[in-house]
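Input: structures, listed below.
Shared between the two complexes below is chain A, which has chain B as its partner in the first and chain C in the second.
Right after this comes the complex of A and B.
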């Protein structure tokens, strides 16, 4: 029973974190066909910003999370203005890969800047919640994990509302469905792309703070979750938000189960095998639809 | 997107292809002459060592270029394939006691088999899906090797892992040049690596200019049209995966034999990044791009060595700036320039 609860707690916490990272990636992919390889470095950026605000400046932690989101959004906007916009204009069919290579470069540069500023030794994120909730059967769910799951779900709900209800969300969905048609209908496509990347950056910032509270702060803290978030995006079908959330929780639970059963080493390999099997069965992902491409 | 009317039915006569081939041959001959003359002009062992390393990087980048630049398969498992070649060489010579040459060949075969398995799993997908899956597979392979702690054999009192663990393998055999040439052993190694490099480049050139290469390029430019013309995308891309992996693995074996050591650090993202940077700076999809890119980045790297910790930062920025400012790399930019000049010249002569 203890093992069962341990798997459940780890799986749900990781699932919430993966889901948050996944929708940040999926949002950008769905609307502009861009795979942001710098997302992992942006998670680290968020974590370190919150650390600076809360631990170094001594301000309350909610302000730290807020400023992490803000800095993430600004970074996303700068990324759009300095790199993505130019590539979109010149890229054409090569955009998918060229933006991927460019963001890999930016990711390395950002990670290295963090390393130079804060040093490589792991730091402790001041975001922590004491206590726990006793579960039936003797298990204890730490309060921190509860907070992480709740915060992630609230953030995802807010994003869902923004996408489905707001004017900005309508513009994002219209651009994602058909860029040219949206442009003809008077949707400011460039501004929409800017908003999408800023929103994704803000999500990365919040996710980075939550993530570093369960692990530790290090410049490469985002690398592993980003890789898993990519995998989850792919399994769900790139660009599908609800599918991404379900897949994130599902795969995180499976990963936790494998890690407890076979040892931590095998968690990711087994996950990957499963993903490859799923993709051979459904090449467009579990929730993806086959795309018909015009030539 | 592309209109059929853009597809020119009247190809320029075959004669027009010749200058490019002639240019490639000329550049190749100049390269070989310079490369053969280099050790006679350079005294420093360090510099020759760096030349050898440069040949390795250029060869890996050239194979990645074949895969991505010519066939359009965006694989991020290139360093893993290279590592398979190196590990295959080290492990066959340690566990089976093979001498270095058959071991290098075995390493190349191991790399090919690994790559074909990866291809079978990934190549039903396209574009970024392939990139993500190959990236994940390379990462998992690295994690499995690094986290390997189970004792496979004992050497004295130290426990050694089957996959070499975090330390890797060392002292499994080299080219035997230390016995043969003593002090000048590095010149012997340079000759062997250069020969390997020229061989792989030659075969790659032939493949690119063969009907097979045309099929690869057709799939890259417009896979739907290529498939409609009867090319099997899966088979063709699996084939290029295998070919590129064989040569990458061969180079990996030479790498292992040159250093007489191999460790999991060659899997690292920064090495992969360096290879990608070489291809991007030089020009993806141009034959000499990787060579030019290697020269530029090795020189830049030597300069950045003094700046120590800013090296990786500089490398990352170089990649990002090059993708934005030089989408087709330096060689691509140069050939655009030459083509424009020629067009202008012929327009003038027509008048």
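Right after this comes the complex of A and C.
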């Protein structure tokens, strides 16, 4: 029974973190055909911003989360204005490759900037949540994990509402589904791209804070979650946000189960084998419809 | 009703445009007066769609002018041109496949800030195209070709535009469905809308049009009343092989 609860708590917590990282990636991928390789470094950026606000300045942690979201959004906007916009103009069909390479470079630069400023030693995020919730059957879910899951779900619900109901969200989806048609409707497509990258940056910021509260702060803290988020993007199907969330929770629970059952080192290999099997079975991903050309 | 603006709804002068290579359009001049249907006919691949794409800003205008109600719009971006009241119903519909019919129509009114106006237009579109009301929760990708074309036209109407440009509304449809689509365009004519229509087959649009232009190899080679065009069989056989 204890093992069951341990799997549940780990799976849910990781699922929430993966899901948050995944929708940030999936949003950008789905709407612009851009694989943002700097997303992981942006997670780290969020974590360190919150650390600075909460530990260095001594302000409350919720202000740290807010600042991380804000700095993430600004970083996303700057990334669009300084790099992505130019690659989109000159890139044409080569955009998907060139933006991937460019963001790898940005990722390295951002990680090293963090290393220069904060040093390489791991830091502890002052994200202190005490206590836990008793679960039926004697298990306890630590409050920290509850907070992570709840905050993630709330953030994702807000993003989901924005995307599905608001005028901005409709414009984002329209641009993703047919750029020329969106232009003909009067959608300023460049502004939409800016909004998407800012939104994704804010998500990365929040995710980075939550993530660093269970692990530790290090410049490369986003690398592993980003790799898994990529996998989940692909498994869920290109740009499918609800699918990405379900996939993230599902795979995280399976990963946790394997880690507790077979040992920690088996988690990732089993995950990868599962992904290969799924993609053989459904090449467009679990929730992918026929693929749409984005650019 | 006297119109304070004496300019034609759309005026194109000496328009040159093309994609990456040489010009596709070599100096097109035509005007679309308010309340008229002006039709451009001609063989496929000779620049009819490019003309509409150049007007709506999807293709760069290299030379010449495009004036909407007297104001130059050829230097604007596509989304700004749409906001100026030029609605383009593109060839092959270009719907948003993973949006419902209702959402596709709403996107048509993207530039309209007033909610009530949007709702009024939606009711008008549903009245004109009752099939869309039945299908309003269906994804655009699940519709038949004729229904898709209707969503395209409905979405164009949602803009409340001063000029509507419709690119080959009959393309790829069965004869019976083509009739339905042209019935709808006939109703738009009866409402007094201003339309720039592109079509391959002149006989199909002669009854609807006020003026017809024959576009061949990026140039307008003949302009006149529809009846005249149909009377001149040699014109049609030369350019359209009909």
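One rule holds in what follows: the second predicted complex is superposed on the first by the 291 of 295 C-alpha atoms of A that agree within 3 Å, B and C clash if a C-alpha of one lies under 4 Å from a C-alpha of the other, contacts with A are read in each partner's own complex, and residues count from 1 in each chain.
Note that in this section a residue touches a chain if its C-beta (ideal position, glycine included) is under 8 Å from a C-beta of that chain, and two chains touch if they have at least 3 such contacts.
Everything numeric in this text was worked out from a predicted model, so none of it was measured.
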item: Chain B versus chain C as contact partner of A:287, first or second or both or neither; value: neither
item: Which superposed partner A:272 touches (first chain B, second chain C, both, neither); value: first
item: Partner chain(s) touched by A:5 [first = chain B, second = chain C, both, neither]; value: neither
item: First (chain B), second (chain C), both or neither touched by A:171; value: second
item: Contacts of A:188 with chain B and chain C, given as first, second, both or neither; value: second
item: Partner chain in contact with A:180 - chain B first, chain C second, else both or neither; value: second
item: Shared chain A surface residues [contacts with chain B and with chain C]; value: none
item: Footprint of chain A on chain B - complex, ascending; value: 1-2, 68, 74, 121-122, 124-125, 127-129, 131-133, 135-137, 139-140, 143-144, 147, 222, 224-225, 269-270, 273, 276-277, 280, 309-310, 312-313, 315-320, 323-324, 327
item: Contacting residues of chain A [partner chain B, same complex]; value: 35, 82-83, 86-87, 90-91, 93-94, 96-110, 112-113, 115-116, 223, 227, 230-231, 233-234, 238, 265, 268-269, 272, 275-276, 279-280, 283, 293-295
item: Chain C residues within the chain A interface of the complex; value: 56-58, 77-80, 82-83, 87-88, 90, 94-99, 103, 106-108, 110-111, 141, 155, 159
item: Residues on chain A engaged by chain C in the complex (per definition of touch); value: 167, 170-171, 173-174, 177-178, 180-189, 289, 292
